[in-house]
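In the two complexes below, subunit A is the common chain; its partner is subunit B in one and subunit C in the other.
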Partner chain A sequence: MLVPTVVLSGIGLLSGLGLALAARAFAVETDPRQEKIAEALPGANCGGCGYAGCGDFAGAVVRGDAKPDDCPVCDQETRRLVASIVGLTVQDRAPQVALILCQGGDDVAAKKYRYNGLASCASAALLGGGDKLCGAGCLGLGDCQRACAFGAVEMTPSGVARIIPARCTACGQCVAACPKDLIKLVPAEATIHVLCSNHDRGPAAKKACTVACLGCKKCEKSFAEDPRIKVADFLAYIDYEHAPVDPALAALCPTGALVYRAAAAPAAERTSS
Partner chain B sequence: MKFSGGVHPAYHKDTAGLQIEAMPLLHRYVVPIAQHLGAPGKVLVAKGDRVARWQPLSEPVGFVSVPVHAPTSGTVKQVAALPHPLGRPMLAVEIESDGEDRPWEGLAPLGDWRTLDPAALRRAIQAAGVVGLGGATFPTHVKLSPPAEKKVDLLVLNGAECEPYLTADHRVMLEQAAEVMEGVGLMMRVLGVSRACVGIESNKPDALAALRRACPADVAAEFVLLETKYPQGSEKHLIYALCGRRVPPGGLPMDVGCVVQNVGTAVACLEAVRDGLPMTERVATVTGAAINVPHNLRVRVGAPLLDVLAHCGGVTPDVGKVIFGGPMMGIGQFDMDVPLIKGTSGVLCLRDDEAVLYEGGPCIRCGACVDACPMGLVPSAMGLIAERFRFEELGDWHVLDCIECGSCAYVCPSRRPLVQHFKRGKAEWRDILEERRARTERDAKRAETAATA
Partner chain C sequence: MQLVLLVLSAILVNNFVLSRFLGICPFLGVSKKLSTALGMTAAVMFVMTLASTVCWLVFHGLLRPYGLEYLQTISFILIIAAMVQLVELALQKLSPGLYRSLGIYLPLITTNCAVLGCAVMNIMNESSLLVTAVFSLAAAVGFGLALVLFSGIREVLALADTPRSFRGTAIALLTAGTLSLSFMGFAGLVK
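Up next, the complex of A and B:
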């Protein structure tokens, strides 16, 4: 009993000593600031900054390849902290959330064929742009949901993606994942949105989806003096720099493509957790 | 020589005995500008213009581009994005026929190809809008212009027609044998080769006999009867079967000294030179259990699908699927407003009970797809990777060498949508390669600026 114990302990001690020496001899010099930054970052490794993860991004900030505010997920506080570690300052930035510019679920949008392949939007989009009659519409197979590291995308029962603003960190991964380019980052405090991306003329758009923007210009006319809502190429769009806030505006829209939504909560408490 | 892999689907060549019949003139044609691989041409006509038959509707932009021509005389109704067999609306010219079928005055026949310069022949072939009629619609003049460093010594004529149901090439070989062989001579002259090889599947010995009989004395062609096996008509497999050369991965037939042309393309080249006629018609097989009167039709490019089906007695009430091309590689159509285009080798109408939609199951690792893959790939493993969206691994499995023939999906007992996985996988892998290339370029540029600073 004694001999094996001593032998095994001896081996353990020797190996430990070897490891300790190796750690000294082959130590990799890291900038202490890199660790500090990595600690401050959200740690979700979402890739929203374009780097492999938070550690990689921290290294890039220290090297000067990335700017401290390139992390889209950080709140303002963290951004300032990261900047102070490398001795820089950052400008305040309005918090953003992702928005899916389509509400064409199976209950309102027509289909042009039956799709039964791989359950991925990008695969379906290879077949004539997808099964929706609307050439722009959400295919509902969840590529954005899979891309989201924060669980901020849900699929509605009618098969269209929806962002949960309270969870969205505006990292932009869903924007990149959508093969139909339907997702956009908008200011979190904006309340009026055009949830349609269809550029077809009125009759064609109506045939494809009952909640499509027809380009009727009713909303634009009510803001004749103002650039906040414009209709271009049969689709209304909002200038989010001067976003309108009047809930009554949404009621003007004959199809419901123009919607009012309460402003999303600021991102601060979402990322600190 | 036999290639490994491949499958033996039920061939259903029921229309092989039907003579080619010319489709009567229609009231309306929709001619898409993009009917070839490469840059779409620039539109030359506008709404309200009067056009004559064979008049160019577009002009090529660049080398890998061909024009399209008016299938009949009439008035341009609109130039707009209209339904296209590839699934998305594309720019097309709609022509309302005036019933006169008046020919264009600008036709310029060059006469006998034997006395003409290869460059002039090539120009005439491009101006006539000739593309490969096998289905891939690659501009023919490009294939006939191999770069100087590629020594081409063999023209391969593809008469395999390995897709089930299709008999258009078979009928062309029987009924236009002399023109096919003249076209072969013409293309040999353009390429400057002294040898041609004609490959035909063993289920069409009559076509081989007809071509051999019709071969002019000055065209040095060999005729080879090949095993009847899908995909015998694939360029790479045809070359291997005929002369044992292997096209390297990512390479082209010209890398092993070959150029492959379809039999219909040979006729089109001859007509372009001898008569100055642009490619405004092709032979297409309209067949399947759900069409009332199957036909081998000479149909003008731009003829709306509904009119073609109506000419063939219409579809039966139990029609389940309409496919452009054959059942293995054809494209299912969801919009009956699409026109037939240069690449439409057939219209296959399947009954509802034939066009079953299978839910793909999990891979059971049986390896049937590995045996069936004519490219020697491992579809089972590639499918599992693609299913998990790990596209960056697909390059190691040589996904870009997949020819999308569908043999793997055909034999899969689990009915997995393998070809769809690989189509997606190829697109994603190309994106990854492009991204890597861009990153290397960026890093090199950054290193350069750092060095100078």
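Up next, the complex of A and C:
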């Protein structure tokens, strides 16, 4: 019993010593600012900045490859702190939230086949774009929920994903995760949205989902000039630069694709991380 | 002459990736770009040759004389892990770009069955030290050959109009299978 223990420990110890020496010989100088920045960051490691975690982002900021602004999760104070560590300044920016442009739950949207595969939207989307009759609809299998590091995505009882604005930090991971490209980042203060991504003509869209956008242009025509809602290819788009705010607009929409949602709390008041 | 046949066998006839199906993880994971594939090959060549040789020395010098052959697996893994750490440290200092592009696949060489497989194979075949060293180097070259061939194909395949359900891993696996089939043409070249 003693001999194998000694032998194995001996090999381990020798390797450890050798590695310690090698670590000295191959030491890489790290900028002390990198650690300071990494400490200041929220530490969620969400990947929203495009780097592999907060440590990697800190390194990128110090190298000059990334701007302190690139972290979508930081609030104003943190971004200013990070910027000051590397001697830059940041500008205030309007807070954003994610929005899932689909309301097609099982109660309103038809399915074209029964899917019995892996419980992943990416998987279902491989089979002819998913089991929904509407080719653009939310498949409800939770890829976005799993991608969210902040628990800001919930699955409604009818089987579509929905963002919880209070927890959303607009990191963009759900946007990347959705295989149908249904999720967009919109200004947090916007209240009027078109929750549909279907480009089919009226009758086809209606057949696929009762709350689909038909492209009837009623919303577009309600603005005499300076249209804030444009219909292109049978789908209405909100121009978020000049977003409409009138809740009465939602009553215009014959299917209910155009909705009014209360504005999300601004980031400074939202509790993040 | 024996050594030449051994080298041919390790590289072509019994290619570690395409005939023995070892080391598939980096084969599929690092083969999207030719430059990363070449970098990975260099790392694996270093680890495989050195690790196999050191493992041979440890087995015949330490384990067998004390009747500790059963410690073979764990001590080999210890040694391979240490080697890989060494490569990581060196790469981080000498080539940060390659280090970043290899990413997680660099420490994964530790669990690469090709490296452990090579070390164990040399023990099983009761090879001499010289044969071990040559065989391991040749095996790593074979691994590199498969990786380079595959990444060359994948780089071009990425631009092709693949059917939707085949894109990504599916077509990669199909290609790997076809490449493996083609390497079976070498069977019987060396007995």
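Brief remarks on what is shown
Assume the second predicted complex is superposed on the first by the 239 of 273 C-alpha atoms of A that agree within 3 Å, B and C clash if a C-alpha of one lies under 4 Å from a C-alpha of the other, contacts with A are read in each partner's own complex, and residues count from 1 in each chain.
Note that a contact is a pair of C-beta atoms (placed from the backbone, for glycine too) under 8 Å apart; a residue touches a chain by one contact, two chains touch by 3 or more.
Everything numeric here is computed off the predicted structure, so don't read it as measured data.
By the document's definition of touching, of the two partners only subunit B reaches A:S120; subunit C does not.
Within the superposed three-chain model, A:G135 lies in touch with subunit B and out of touch with subunit C [touch as defined at top].
Using the contact criterion defined above for the overlaid structures, shared-chain residue A:P254 touches neither subunit B nor subunit C, since it reaches no partner. When the two structures are aligned on the shared chain, A:P32 is found in touch with neither subunit B nor subunit C. Residue contacts after overlaying the shared chain place A:G43 against neither subunit B nor subunit C.
In the superposition on chain A, A:G151 makes contact with neither subunit B nor subunit C.
Residue overlap on subunit A between its contacts with subunit B in one complex and with subunit C in the other: 126-127.
Subunit B meets subunit A in the complex at residues 86-89, 332, 334-335, 357-359, 386-387, 389, 417, 420-421, 423-424, 427-428.
Listing the residues of subunit A that touch subunit C in their complex gives 3-4, 7-8, 11-12, 15-16, 18-19, 22-23, 26-28, 52, 126-127.
Per the touch definition, subunit A reaches subunit B in the complex via residues 112-114, 116-118, 120, 122-123, 126-129, 135, 146.
Of all residues in subunit C, only 58, 62-63, 66, 68, 71, 74-75, 78-79, 81-82, 85-86, 89-90, 92-94, 96, 103, 164-165 touch subunit A in the complex they form.
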